[in-house]
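Two complexes come next, and they have one chain in common, subunit A, joined by subunit B in the first and subunit C in the second.
Entry: the complex of A and B
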């Protein structure tokens, strides 16, 4: 598994259920319970530090401001006992304390953009989005010590950032009083309020129904343009990935089998699995009858087949694929756009003619 | 601070932009609690009884002290001094002068029973309270830091094995044995009960922590960069508090019964202090001839224990923010901000 996440780019990860997408997402900020989980070999290099060699007690300093995370289930990812405002405030407070050097941890770098402010709305925004008065944080006066007031103002800003119209009321509500879409917005606000350099979105829309999914995706897309954090977007939905990601990684049985720019992979996949996956997307315009599906299922991750893990299901498989050890993720000859495209197949040039 | 504070009405009008809770939140909470109580009549009974019992106990202790300081005269809400031997003719049936009659020692039964209330209530709260704090803290540590192979897991296993040792003895027998060894006295017997009592809280707390620490919201807090200690004492503790409070309320009654048993057997408080177990012992021979003596002590224990049990059952509804959704008539914010 080798994956480079570049600053300001959105990398999508797709794959079937159980192929290790979420495990990948959780293992980067070392959120898997250790033991039983253990990253046996390799490196997770973040801003020049190998996270695997960092002592465990230093990991909280990386999380939040360094690596933020949005989870799959908005229903359970907010503490039921606290008001949502307090939960975002906790994340803001941690960042502020780190910015001031009061507690150890990664300081969010200044990237020349401001998370908390949008540009002045255009006339069309009044219909499509909430009107956000500029510099609203300065106009807020309240009780409490200056730090608390500052944090509260920021919490309201972040709630506005995720397009919540009446943050003053929402901050005082408990998670169970909000709908799934609202809770997911709170989760996103929480993750963004740490101003992370890398944001891992682990199927942020899978638990939501389709209409809310569309809203949250639109929101995330707007935020990506606004915030320009690097994002690792994990999903099993190719349509979502096509919409959101710049680069696409395809995972199969715990391995990355193809990685490259989204457009190029969709146009000319260079791994049989990717090709089979793309074929199973229904055509928007005409009914082509039953969709082709790939026979068999993902192998048990604790008993992987010898050779290429995909060979039992691959129409191109030969003897080489069964015996030669797992093909590496090798760069392909540059395509029409000249961008880096990698595939872990022995015969990538045969994929376009695959039956 | 130099910033002028806004008048309350203005703050509310401005959409309550104050960083703390909007004003009137306390009153709204009180109203909500009252509404939950009204919906559960048994809890309401328990609540009223607990308030009554606690206020009575407080007045019994406070009135003599306050009056002696302020008026230089000792007043009391008890009809007569408690355990004042040979003050009245013995063995009288209930009358207007002595509502529960008098006992064989010539003391007023009502005064004795009432005077025992603060003692027993105090014992119930202190024993359950100390056990809650000691057992709760040990349970938190044992449940949260039990990752195998670390130093803390050794401590965690140690705590649990010691707990097991204490739990393997019958509570009452162990408490009696310890009191017998330490000697009779209020403090000794109370400590003896505490020694047998805290392991239950370790078990309860640990079980809850084990369930809560794998919840997605704990992992989400960890992902937000919250340190492990803060996760334990903020996110986990707040969610353990509910079951603990319920158990505590039920437990106060149990402690009172257990402690009365110890006193009844004769190793609790000395006979000069009014206490229900003591009074039971003194009145046990009168069950057939003057049943009101024993029965009034029994009734006192019964009412107190019942009060805390009934309250404990309803406490879950009051403490759990989720149950408030059903009770609260305020509009639920579900769709604001959507559809943008």
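Entry: the complex of A and C
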């Protein structure tokens, strides 16, 4: 599969359970346990470096300030033994030490945007590094050396950034004393506090209950506009992706089958799987009877069918789909908006008239 | 919340109150076992050449002709008033002797526990981090060889093989060569208090091998517990979070993962340290370490009832207190636990 993430844009990835979305997210910062996992081939190019060719000991330097990540379950993603303030402070400290060149690692590009102006950056001034409020707290409180006080002030700033109103109280709490929604906010604050150039959000709202989901999504939506970092947003929920992403990638059985601007894919999907997936969204306003669904399920990733991986379930399948090895993700003729749209189907032009 | 200092005080008080029934049970069991097993040890106590009059006097002095419950009443009365009986051979009071030998054992056990903590736990982390690879196997070989070695063989090899290299001859590891005031009855601590560097060095030399033997035999517990709880912790999301902050492997393993893995290890180590005190009998006899284990051995083989019960009382206290300490540490390590 091939995927280009552009600076300052939000790329959404959707797919069914078990199609490899999370594996994709984890493989970018090389979080998959090796062994058993092994990236056999390919390239992960981040800021000009192929991460797969980087020695393992240099990966920590990429993480945090280069690539940040938000995990699915806030119950497990915070360390139960440390106060949340200290956990965020650790991340801030790493960034500060890197900014000053004291420890090796990617330096965040400090093209900060002045948050106090309270106006959103324009699409034209896309920044590769996110902007973060430079010291919203006027007075630096607390004891200890200046660095510690600076870090403490930033921790409070980041907690305010994720709309936590009483950060002074929250920093002293342990994760188990917070609700799921609060924990996910802390997690988001922690990821942002490294000022990563790329943020991977692996189903950040799937484990939350619906009302909290809406709150966290609204928060993330706002932060995306304010922070302007590149984001890879992984979700199984098409509605969420439609809301959050600029670009959409559809995954099936470990392959990216379609990639393009969200609006265009929702308007005119060019892969039979995407079309089937979109059809399965219930209509809010009227009862249309049983929702159309695809027969069969995602194939086992270690026993993929020959040819196109989707052909056993595809209504458009014919002989060539069964034998010719997987179709490449090819660009389509420009659509109405003239944006790049790719599909991995042998017959993308037939998809609009698919039964 | 159940996590403030006053909660801790209440917790400790409750645990110490639990000592009372435990001690009563221990005293009853040991008293009746010893007195039923050997109903009249006066013939042995008085020696082979004793006159019948001496033996009669001994029986009368120790109430051995009275019914057992009455004998128990006399014993309990003495115990509570601080008279824990006398040693039948030298007629020395038991309690002061216990109080002077117990710290020696405590010193040995604490040193061994420290070795288990500072060597055994990191080895467990190394094993978990390289799960299934060569380092894991090497660590397993190391701790299994400790576990599988009979105490007396490991002890004898160290005492005879390494002892002379450290300048300890005759296999006598009791530090009597350097006379320093016995304040705590812990040889190293006493030498440090006396500000005597050469005595300190000597005491450490004498301590290191018996402690090593004790630690080597029990190392597997610390290593194995750490390894298995680390293997449970490492796949969890918060370890990935720590990695994604940009932390290096060392901090991820030893700060974020080990901190959580320690919670189980501490519990097990506390129990082990408690039982190690009573398990030093063999080690102390091999190294001639003047501790409570050696005393226990002498008391049991010498039909010294007062000494045996006294030793058992100390062992019971140690086990209860060690468990209490590990529970306190458990609460400190895991913020979700309240002291109740």
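Some points to look at:
Quick note on the criterion: the second predicted complex is superposed on the first by the 330 of 355 C-alpha atoms of A that agree within 3 Å, B and C clash if a C-alpha of one lies under 4 Å from a C-alpha of the other, contacts with A are read in each partner's own complex, and residues count from 1 in each chain.
Simple rule for what comes next: contacts are C-beta pairs under 8 Å (C-beta built on N, C-alpha and C of every residue); 3 or more make two chains touch, one makes a residue touch a chain.
Since the model is a prediction, treat every value here as computed from it, not as a measurement.
Overlap between subunit B and subunit C is detected when the two structures are superposed via subunit A. With both structures placed on the common chain, the touch criterion links A:212 to subunit B but leaves subunit C unconnected. When the two structures are aligned on the shared chain, A:48 is found in touch with neither subunit B nor subunit C. Counting the residues of subunit A touched by each of subunit B and subunit C gives the higher count for B.
With both structures placed on the common chain, the touch criterion links A:325 to neither subunit B nor subunit C. In the superposition on chain A, A:168 makes contact with subunit B only, while subunit C stays out of contact range.
When the two complexes are overlaid on their common chain A, residue A:148 makes contact with subunit B while staying clear of subunit C. Touch criterion met: A:185 reaches subunit B, while subunit C stays clear of it.
Contact with both subunit B and subunit C is seen for A:31 once the two complexes are overlaid on the shared chain. In the superposition on chain A, subunit A positions 29, 31, 33, 60-69, 71, 73, 76-82, 90-91, 94-95, 98, 105, 174, 176, 187, 190-191, 194 are in contact with subunit B in one complex as well as with subunit C in the other. Against subunit B, in their complex, subunit A makes its touches with residues 29, 31, 33-35, 60-69, 71, 73, 76-82, 90-91, 94-95, 98, 105, 128-130, 140-144, 148-149, 151-153, 156, 163-166, 168-170, 172-174, 176-179, 181-182, 185, 187, 190-191, 194, 212, 215, 219. Listing the residues of subunit C that touch subunit A in their complex gives 235-238, 240-249, 256, 259-260, 333-336.
For subunit A in complex with subunit C, the touching residues are 26, 29, 31, 33, 57, 60-69, 71-73, 76-82, 90-91, 94-95, 98, 105, 174, 176, 187, 190-191, 194. Every residue of subunit B that touches subunit A in the complex is listed here, in rising order: 3, 5-6, 15-22, 25, 147-149, 214-228, 234-235, 238-239, 321-322, 324-325, 332-340.
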